[in-house]
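Look for chain A in each of the two complexes below; its partner is chain B in the first and chain C in the second.
Showing the complex of A and B:
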């Protein structure tokens, strides 16, 4: 009986709104949790799906994970056949997914692309992504402030793709005119294990390293392990990026080796889902490009970026 | 009794959510409705305030209008004294309001700036605005398509400020390599009356005009009046911009003189309020830059952009 009352009340509230809302479906297509960051994406997508279904009665949110780009292309076809009003998609490989996403949009479905996009921007209505140059710039700003008299640093990059270049170029620009020298730089492929090996190599080659910029929290795990195994005490701190639970916790706890982190959060999928739902439900134009800030996470604000129940 | 049941049910729903929500206040500071577009801003801000208070029980949304920049600066001080969690502000004059907005942010309030921003981007957490280059580019693309063999057009600009220049530069870029000639161009100050006079002048000076780009729907009203009074039939169509109710209606109705419009919608204030509320209520990072698309409004999609109860 209590349940019935609640439902009736909800219907009453809705009827009181300017217009009665029609049942709508949003499909969310994301990669299977293949590493830490995508693990966070899946978690936040599931959480937000629940929150949105509660917020907008009549709204159905389907979250579908796919292990690779080909499987994701098939998933998009299946979802569209089911009949959806909007698609939120974080593509495995934006080059492979460009055509499948275009097909969804051509059917009149509202398309939101998250994080990864190839050259063709006509395939989306809304884009939500992180600030890649900002991620490099914030890291450089911190280095500059933390080492006013300069120092020798090592850099572990991601993969040789545009996102990595945008980050590294902004980082290097930010260090111009300082006495901070990048004494070595290698690709760590955004992988914990690869970053561990690269850092072991750096530690063998360079007797003195003041700090490291490792671009990603997953790689930072490998870097800290390499430093610990080598028992090196010359490295004063590491700056990473993403805003993973473990790294934000270190910042929050005042770990001197992890004084700051730079945000590139998997919560971006939740923002994308939220804004997509707003467009459907409030019927206001939300098409556009939404670039989320690469905020500097420090001891003072870390609690705002700590998601204790997230796997990442 | 019915009311009490509804309230209890809402409380029940909330308690079922992951975390109990605390009472929060969002202040929205916008210019008094001094012309059509700001009239739309005030209308959509009021509508969205109601929608958000219904959507998020415990959330209070205060909308405050101010007749000029000095009054708006005072309003920001008053609102902050009352104790607010977030400020959404569409500044009269971004240069005058930069310092007052900075003071609000320095108190730890989340600040969302809408539409107008001066050089200092550190004063906001979130920026929501329209795509000014896009507004010019979409207009040029349409002209190009509608006049494949070229033609003589006139342009009525806004005010000599950066927004106008971004629009005009993109428009001119878009016409490069075509046989479309801009035979005259004057400032109409985004004013209906000024645009009327400018168009009268154009009509006197030029015996043949194929089309006009007038950058703003308010100015288009003056332009149509001047054409009607002069009984000129050579002008085939006018392309404007904003997405006002009257102009979208003309597009929807298939008026040959107004085949398309370009979106720069006052609903952007509602989007800004929505996303600000999301950040407060869902506790996910929403800081960033959100540029809303200058969508081309044509007969097929005009209904999506028509707000029949809005004054604009």
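Showing the complex of A and C:
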């Protein structure tokens, strides 16, 4: 009897040792590269996965992309059945994915949510996101500084979702009490083609526009093309946001039409993965909310935000 | 009442005329609304802007008119446009040909060939594979879009050489005696499309196949061959749209051509083509495509509609335009 107990204990010890040796797995679930920014997310997630696997031998990082919220919910189930220790998730739609993420957390998995969250903050251990109100506020601050005597500006928003509203509200708040008037505001759906159309129509509608705030660098591509076609010289500059390599390059090269950009970088997924691995492998307590600053990118610091090999 | 008119030959002719003219009446009505909303609507720059923009949907919708008239459907056109655009830009970036003009012309030729092949694939899978066109083209829609995303590695594909870019840019922004090239393309494609559908033996077969497949088969028409050809022509139309689209922003991304299939199908139906097949109206389709683009333009130019409600007003106008057409035709 005693011998059996001893051998059981030995087996237990061995199993325990084996578990300590056992490879840990981090699953990363992100949207498919459906536009520029998510393309950047996928790229940086892949790069960081490679870097982490090198840094922590035995660590496995799986990156899975999903085309929509429903597919992502399924992907989370599939990943959990494979057995994972931590999940880093950038949800398509945080409202739809709250319950699927909670299920993963209830299994004891460490959950990191990136960028988008719904009201329920109990579903994650760690949150890493950009500063959405900050993106609007920085842009407004720059406008205020660049146009001390006021002026007429147009705004091209993204899609009607909470992120967009947070940015626009902060931008409008930032302009309160100045002589800068938002003479028109429309949705450009974060699409180059739609932004081109909207800007063409703005140029038709308004004989004088001093500047434009375009919420995203992808849309800025269409806006610049529309301005060039109209051969209008009244527009002095455009402020965009995100930090795509093409727009950061313009800032770096001192393009007068693109003096600054505001950071809302897809690299945040890499930060999330890194901090998650820190908690998992180095046993450092990392739970908490991390908000990355919406830094103002100007000619002086642009090189710090330039990722030449990223698709975005 | 309608039946009686249907039987009389003179009445039938009048009925067709009204049906053909109705989309244009709707267009004129909407334009009048636009002029009332903002005087700048009728400015030359605005009108050419809107016409040039509608080239993509109008051109693709002419192909879709042929496909739908023949009893088919193609949901893959938007994704196909993105895929062809991606390939064209990659070819332009390859630098295989020194001379910029020659390079651009070859890139256009390549686009047309790729478009036709994509259409051929859709057509053969539908006819030889005997699978519903809805399913086939839903499948190829996913395939084409993923291929573009893969080619672009999730980002965008942009023309790198600034000289090529500047030369090619003229295709969208340039004009002939003040008429932008894209507008000439719409007119050209519509003339050819209308000619094919109404004046050729092939066009008659397309209509026959679309109105009754079995009767067409018993009359000795190669149904599979006719249908496949409509998909090839659709592919060509998509490629023509791409040739005009690429120089505008000199880039293609996963967002290129998103939703174009629904806009093209809407343009076809608004233009008076029967969704069930058998009756096709190429010029009506052009009017339909213009209506869609003009509504968007007016919404932006007017200050009346909140930015949150634009979609609702657009939807309502399309439904009203269809109702007005139905009334005009039944009278």
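A few notes on this one:
Following the convention adopted for this analysis, the second predicted complex is superposed on the first by the 290 of 312 C-alpha atoms of A that agree within 3 Å, B and C clash if a C-alpha of one lies under 4 Å from a C-alpha of the other, contacts with A are read in each partner's own complex, and residues count from 1 in each chain.
Note that contacts are C-beta pairs under 8 Å (C-beta built on N, C-alpha and C of every residue); 3 or more make two chains touch, one makes a residue touch a chain.
These figures come from a predicted structure and were not determined experimentally.
Once chain A of one complex is fitted onto chain A of the other, the partner contacts of A:286 are limited to chain B, with no touch recorded for chain C. Once chain A of one complex is fitted onto chain A of the other, the partner contacts of A:188 are absent, as it touches neither chain B nor chain C. When both complexes are overlaid on chain A, the residue A:55 reaches chain B alone and has no touch with chain C. In the superposed model, A:221 makes contact with chain C only, not with chain B.
In the superposition on chain A, A:263 contacts chain B only, with no contact to chain C.
With both structures placed on the common chain, the touch criterion links A:310 to chain C but leaves chain B unconnected. When the shared chain is aligned, chain C comes close enough to touch A:204, but chain B does not. On the chain B side of its complex with chain A, the touching residues are 2, 5-6, 8-10, 12-13, 16-18, 44, 47-48, 51, 54-55, 125, 131, 243, 263, 265, 267, 270-271, 274-275, 278, 282-293, 295, 304-305. Of all the residues in chain C, the ones that touch chain A in their complex are 38, 40, 43, 45-46, 49, 53, 149, 152-156, 158, 173, 248-249, 251, 253-256, 258, 296-297, 300-301, 307-308, 310. On chain A, the positions that touch chain C within their shared complex are 32-36, 38-40, 42-43, 157, 160, 185-187, 190-193, 196-198, 200-202, 204-205, 218, 221-222, 225, 229-230, 246, 310-312.
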